[in-house]
Amino acid sequence: MPSLGTSFGRGGATDFQQDLQNSDCIVIMGSNMAENHPVGFQWVMEARERGAKVIHVDPRFTRTSAMATKHVGIRAGSDIAFLGGVINYILQNNLHFAEYVEHYTNAPVIIDEEFADTEELDGLFSGWDPEQGEYDVQTWMYEGMEVHGAAGQREEGFDPTKGEQSGHGGGGSGLHHGEPPAEDPTLQHPRCVFQILKRHYQRYTPDFVAETCGCSVDDFVEVAEALVQNSGRDRTSAFCYAVGWTQHTVGVQMIRAAAIVQQLLGNMGRPGGGIVALRGHASIQGSTDIPTLYNILPGYLPMPHTEDYGGLDGYIAANTSPTGWWGHFDAYFVSLMKAYFGEHASADNDWLFESLPRIDDDNSAYFTVQQMLEGNVKGYIIAGENPAVGHANGKAHRLGLAKLDWLVVRDVVEIESAAFWYDSPEVESGELKPEEIATEIFFMPAAAHTEKDGSFTNTQRLLQWHWQAVDPKEDCRSELWFYFHLGRLIKQKLEESEDERDKLIKALRWEYPTHSAIREPDAESVLQEVSGWEIGSGKFLSGYKELKADGSTACGCWIYSGCFKEGINQTARKKPHWEQDTYVAPEWAWAWPDNRRLLYNRASADPDGNPWSERKRFVWWDAEQGEWTGLDQPDFDQQKPPDYVPPEDAEAEDAIAGDHPFIMQADGRSWLYVPQGLEDGPLPTHYEPHESPFDNPLYSQRANPRRQQNKDLAEDPYNPVANEPGSDVYPYVVTTYRLTEHHTAGGMTRSVPYLAELQPAMFCEVHPDLAREVGLEHGGWATIYTSRSAIEARVMVTDRVRPLRMKDGRTVHQVGLPYHWGKRGLITGDSANDLAHMALDPNVHIQEVKAFTCGIRPGRRPRGPELPKFVAELREQAHSRREQDPRVEPEELRKTSS
Amino acid sequence: MALSKLLDSWPVLRQLREGDPLGLGKAVQSPRSQTLVPRIDEAEHVVHSICPYCAVGCGQLIYVSDGEITHIEGDPASPISRGRLCPKGQASKSFVQSPLREYKVKYRRPYGTQWEELSLDDAMDMIAERIIKTRADTWEWKTEDGNPANRTMAIGNLGGATLDNEENYLIKKLMTGLGIVQVENQARI
Amino acid sequence: MNLLQELLEPTGDPDGWDAYGDEQKERVGFFTDTSVCIGCKACEVACKEWNLIPEDGRVWTGESYDHTSQLGANTWRHVAFVEQRKPLIGDGNGDGSTGLRWLMESDVCKHCTHAACLDVCPTGSLFRTEFGTVVVQQDICNGCGYCVPACPFGVLDQRKIEATTDPPPAILGRKEDGRVWKCTLCYDRLKGGHEPACAKACPTKSIQFGPLEELRERADARLAKLEAEGWNGAQLYGRDPDDGVGGFGAFFLLLDEPEVYGLPPDPVVTTRDLPEMWTNMLAAAGTLLVGVAALTFLGRRG
Amino acid sequence: MREKLHPLSDLNGKPPGTTSWSGSITEAGTDMRSYYGRPIVKEPTWTWEIPAYFFTGGLAGASSVLSSAARISGNETLARRALYIGAVADLVSPALLISDLGRPERFHHMLRVVKVTSPMNLGSWVLLVNGGATTTAAALQLLGKWKPLRIAASAVAALAGPPLATYTGVLVADTAIPVWHEGRQELPWIFGASAAASAGAMAAMFVPPRDAGPARRLAVAGVLAEGALMQAMELRLGKIGEVYHEGEAGKFSSAAKGLALAGAALLARRGRKSRTSAVLGGALVCAGEVCLRWSVYKAGFQSARDPKYVVESQRRRAERDGTKATTKPGDNPAPPSRGA
């Protein structure tokens, strides 16, 4: 999460779930926690029972709202307007936690005088390049901070622009011993971050919020007040979010907005505070820490790009921050290369850096699908994912798969992505015919979690080991087995090859002990490599501080370093919580980094190192002992005193002052304003969703100018928007979501009898007014359609999805769609994602399925060939009208004018 | 002899003997009820595990008897879940023993109209061959504008959010070694 | 005599429980607090997983998020969902003023102090355990079905699908299970010292298991708290030993009248009126005897 | 609407709710007075064998009394025929009961216990005694042997007969089904009367009119008594009783009245003279009694299906007796101590 990464330094939830019980106010927004994280929600209920306010801000009244002390319904996609309103409310009324903001955030920092705000440029920040459709971030910098790297912003701050997690706040190269060149502690300077913030949000008044979000002024003020009254020295508030924020074309900025609120209120790094990112998969945090993502290497080290760095040094330099913990980038990278290539990687051959594959700006999943459709991708391996149902615009994915030469699908059941060639809407409609599909398909039965050893990293960065209970049956195998033996086979077959191309794979260290009849690789030996050792002695590393850049240490993921310290699998620690002294339970499993459970916890003490209050004491400076101590592992150099001032020549962590808690940041502070690391602006700004029935009330710039679109992709047409002619064909806002009873694309739940019966059919949730408007009957059928496709669903007429009255007196109706269904399984139904488009957030390339537009009518959808016809007719109808009077997006206008 | 035994066990007599004249309690307790033992107490071994669904990370206890899972329930020792599970986590046993679970490799040849059988070893070998060939056919040393590439853009790998860290590590390591850069997972989605 | 006394003036003690003497355990039960129920249905699944209950059909009912509909032979925990245009707390102005509330309640067998199903069971299959709970013994039940209409809560039902455990012999037996099933309060788990599956799973401890006395005290405190906070409709259901079934072994905190959740407002153990019915019957029988005789002899004279 | 809401509701044997709504499910929930109109108490799982047994059991019970009475009064023919009728009925009854069980092979579990709280259990014992006695007596009668034993057996049968004929009334009354439980005062009487009527009618069919006088009187008296009792019950049941005028229960109930009264009239006016009328009349009465059993049986199902009967009857009782199952804020509940 570059949002959290750029703001605080690490792309992970800042708090742990159990700590929510200490919150005085919990705002759940962009999340349906009670339904999708029911067991984690027990900690919210604990807080509620202790008298905490629980506020749910969401387009729908869900099982979470039912448990909240306050629910505010807002229009899907208007979250930044709401949070911006909170920020403005705090600033206008001077309600921020002054001492915290001055010392721990970059509020006092003065910004380059070239910087121009959206308020000045009608919805664009300075540096917009209409040709490229990108920002040049030079003008966003701290005043007097030189920017280097020919390729501009990409090279700054850990390749912020290239993928969800890479946006670590390592930026700020050239900071003078960790201190920004120019700041104003009084926060009065017109160009200091604090004042810029004030100006940027001055128009986000309660009335504006009400008109834009469709809630009442009172409800908004009640929420803002609740947050303010429950923050400060003696009280803390927490935010919980999930993909309800992430899955927007401004998803990253939504999270950023919450980050700003929490900084102004001084809730970061403190018990019962922070921002809890609620992840939806068992190891989705792990799969970004140890990425199966194109743009990063383990530990958020950026993949090298397709340009000439001038050798390893160039790459290191471009990614090293002189100050803060990113100062040791070289050690992290070299240790990874040693783990990957062992003795083959040496100082003389630059640790094989030049042989590493290079990436382009975007090689993400949606890019790959487009490449499939264009026939550029020949082979594809799918392991535990179901794009045919789970990805936006399922049809495009299915058509793409049909263009492959070969496809490997690994799963426990035969999912839609394996069966698309004979059982899919396209086969039904005749758009795909099995006898015409050239794709060779291997379905490989997978082993379940009960049939293998391994570790999951949960939503709070906790690595938890699970032991194998039984042997996998017949052909079922773990991914560990599949990829290990696949690699072994390939290396075997290429043993003799002299081809330069095969140098790297031949150099790959690939020896792992195996056990049992099927020769299952030993998972712990892999974890040992991840944790790292000292080459030669073979001594296990105790943490990333021991990593060396001289090739004397090997470590597969620097932030996980120490998870096998002393040769003990730290992730397998299962000491019961009742046998531990504190609720922090540090001896249960292992958290990155360095087993710290509450990140930035130095901030739980005031600048002098004393707890802000007795009630909220967590980590503090023990003067006698001369060290930081408390309930948790201090997220700070343990011996660095609060009054430490870095010497002139200080580097890396030594350049971080004793009263700057955010040790991953170049300046040791949290960033209210992000000078670099984000594609679409240093501050969150309200933009309408890519598809929305409304214009932007603030600017002529309607949607995020930097959002990724596929304008030329026939398979991904967009609905006319706002007041465009033709937009009335798709007049309603649709939002997709999960239900407690099912899991994502349904492969793991539609196959389970006990779960299938609990939510047995696809349905849509609509308000009685909408039902009346279009003639839907409760319990009947509805057909929902967009430019992409049409699906059918049973109708649930309920007040829980409320229509919202907007500024212009228009009423906007919202349609709720769970997205769990597909054509396979014990229960089947149409897939909501077939309706969605593939316009993406520019930072993380995530699709906008939480807010787009649709039409809805009573009755079941057309069958067979009639379906695509039905969709096409409506699309033509809408688009032809648009063509007569084409609307040009402002960013386009600017292009032509320049 | 046997008859008297039978008589002894006849609840009507027990009603009088065991002070339960109404026959509502102890007197009518059946042999099964008298000897009932919970199957988790009979399990051969218990395994500490973690729920495979969402990222809350609830602890699970897996009970096993003669090679089969007999029950899965929450692990009270976990400071996060305290032994509790949601319906999905609670259904984990039914999931791993799902009636739809696949146990055999299935192969679909180009233009084929049904699945065919294929041995695991052959499948692995064929997949390895496909990767090697596709990679050789589509390798690029340089991009159009002459920058270093060292890769193939013709192969992709999707998935990881539901896998173990160790598995993700091997995937990224192997793909990087092979010059395959299009490695993605649900975290994107 | 014990018998007569039991019949004529039932005390607060569960019928048949005292028979255990030293083997008797502390009476345990459930307190289901709907004010913290998040409607996740973990209890339904936990129950089925533990008791190996067959699935109950895949029916989309349209009744909010409830698709299992009711307790029966194949659903021993059932979560009811009711959406209402009423505020959860107060008059809708203060906190929680959404004007909407979503009631969720996990229903289960009440393990009545005076249990009709137990009384009427002709085989002794239903019995009172040493824990004071009411259990159907599957090795005894012959599927006469008498307990089904006898239960004032409609908890029990006959399993009409093929037998999953000890199937009947071919000759007389039918293919289908034919026996009656219901919540056992996890009798086997209790014997092993484990808490029932549903209570253990419940993420928010809406389902609380424990000694009944303790639960009742907890419930009273909870009700007082909710009253102080101004929750609408808060009431305990089945907590009072003086009600028609002598108090529930598994009782509830509801946020609306019982019938809204599909529960009888004032359930009574049918056998409470049994003495009256027996006397009645004897009178009728006597009359029949006399009547027939009279009519016969009458004839001889006429 | 209901069908739409419950496309598959028969698949899992769940009766659909009876309420239908046009607005939103929220609107429906707001002023719902039952759970989507779903039943609160379950319908019996019993099938046709049960009402059939109500008839045969009654017939057996009353016949054994009739037989003994006739013997004492010196009407040997009637005594004999009634004895045989009773024996046959006694043999049919257990067959019917066993075939209704979910686990027929476990029928003997009925005799596992003696439970005064279970009408079905005591009924089984009574049926055993009466059946045993009657069939023994009948057998000995056929063989013409061991007179003393036969007399003893008949005596036992005669004493066990009336309970057998009436306990079924208690059996249905001892349930949570409103129309049955609320009818507990009349039901044993009605079933007794019906038993008498059927025994009389059946005998009237198989006994020459000359000797069938008592049987005819019994039939007529039974029919009249049961008619009056039914009226009384419905009157007292009030709204709950309306099921006797609706659906199948309604049809059977009026059929019962019609057939029984017609048969009784025929027996009374021409039964002594014409054998044909005697047979016809007896048959009509028996048919009527069968219908009566069925109407009571069906009424129970209808009463269980609609939750309003449960709610309204209980609300009314609570109103009347000040009883309740809920504890609201302000009530001071009895101290927990009494509980366990």
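A, B, C and D are the chain letters, set down in written order, and residue numbers restart from 1 in every chain.
The definition used in the following text is that a contact is a pair of C-beta atoms (placed from the backbone, for glycine too) under 8 Å apart; a residue touches a chain by one contact, two chains touch by 3 or more.
In this text the structure is predicted, and so the values were computed from the model without any measurement.
Colleague: Please state whether C-D or B-C has more C-beta contact pairs across its interface.
Modeller: C-D
Colleague: Closest chain to the overall C-alpha centroid, by per-chain C-alpha centroid: which is it?
Modeller: B
Colleague: What is the distance, in whole Å, between the centres of chain A and chain B, each centre taken as the mean of its C-alpha atoms?
Modeller: Measuring from centre to centre gives 27 Å for this pair.
Colleague: Round to the nearest whole Å and give the separation of the Cα centres of chain B and chain C.
Modeller: Here chain B and chain C have centroids separated by 35 Å.
Colleague: Return the distance between the CA-based centres of chain A and chain D, expressed in whole Å.
Modeller: Roughly 69 Å separates the two chain centres.
Colleague: For chain B, what residues touch not just one other chain but two or more?
Modeller: 11, 22-24, 27-28, 72, 84-87, 89, 91, 94
Colleague: What residues in chain A touch two or more of the other chains?
Modeller: In chain A, 38-39, 42, 740-741, 753-755, 758, 778-779, 796, 798-800, 826 touch at least two other chains.
Colleague: Give the residues of chain C touching no fewer than two other chains, as numbers and ranges.
Modeller: Residue numbers touching two or more other chains: 3, 40-42, 44-45, 49, 56-60, 62, 64, 83, 85, 100, 119, 124-125, 140, 203.
Colleague: Using the touch definition from the top, list the residues of chain D that touch chain B in their complex.
Modeller: That would be residues 111-117 of chain D.
Colleague: Given the complex with chain C, which residues does chain D contribute to the contact?
Modeller: Residue list for chain D touching chain C: 4-9, 11-14, 17, 24-27, 29-30, 32-36, 38-46, 61-62, 65-66, 69-70, 72-75, 100-107, 109-110, 112-113, 115-121, 124, 158-159, 161-163, 165-167, 169-171, 173-177, 180-181, 184-185, 188-189, 191-192, 195-196, 199, 213-214, 217-218, 221, 300, 304, 307, 310-311, 314-315, 317-318, 323-330, 333-334, 336-340.
Colleague: Using the touch rule from the top, collect the residues of chain B that touch chain C in their complex.
Modeller: 11, 18-33, 36-41, 71-74, 83-87, 89-91, 93-94
Colleague: Would you pull the chain C residues touching chain A in the complex into a rising list?
Modeller: 36, 38-42, 44-45, 48-49, 55-60, 62, 64-65, 67-68, 83, 85, 88-89, 95-98, 100-102, 104, 203-205
Colleague: Would you tell me which residues of chain A are touching chain D in their complex?
Modeller: 767-768, 771, 777-780, 796-800
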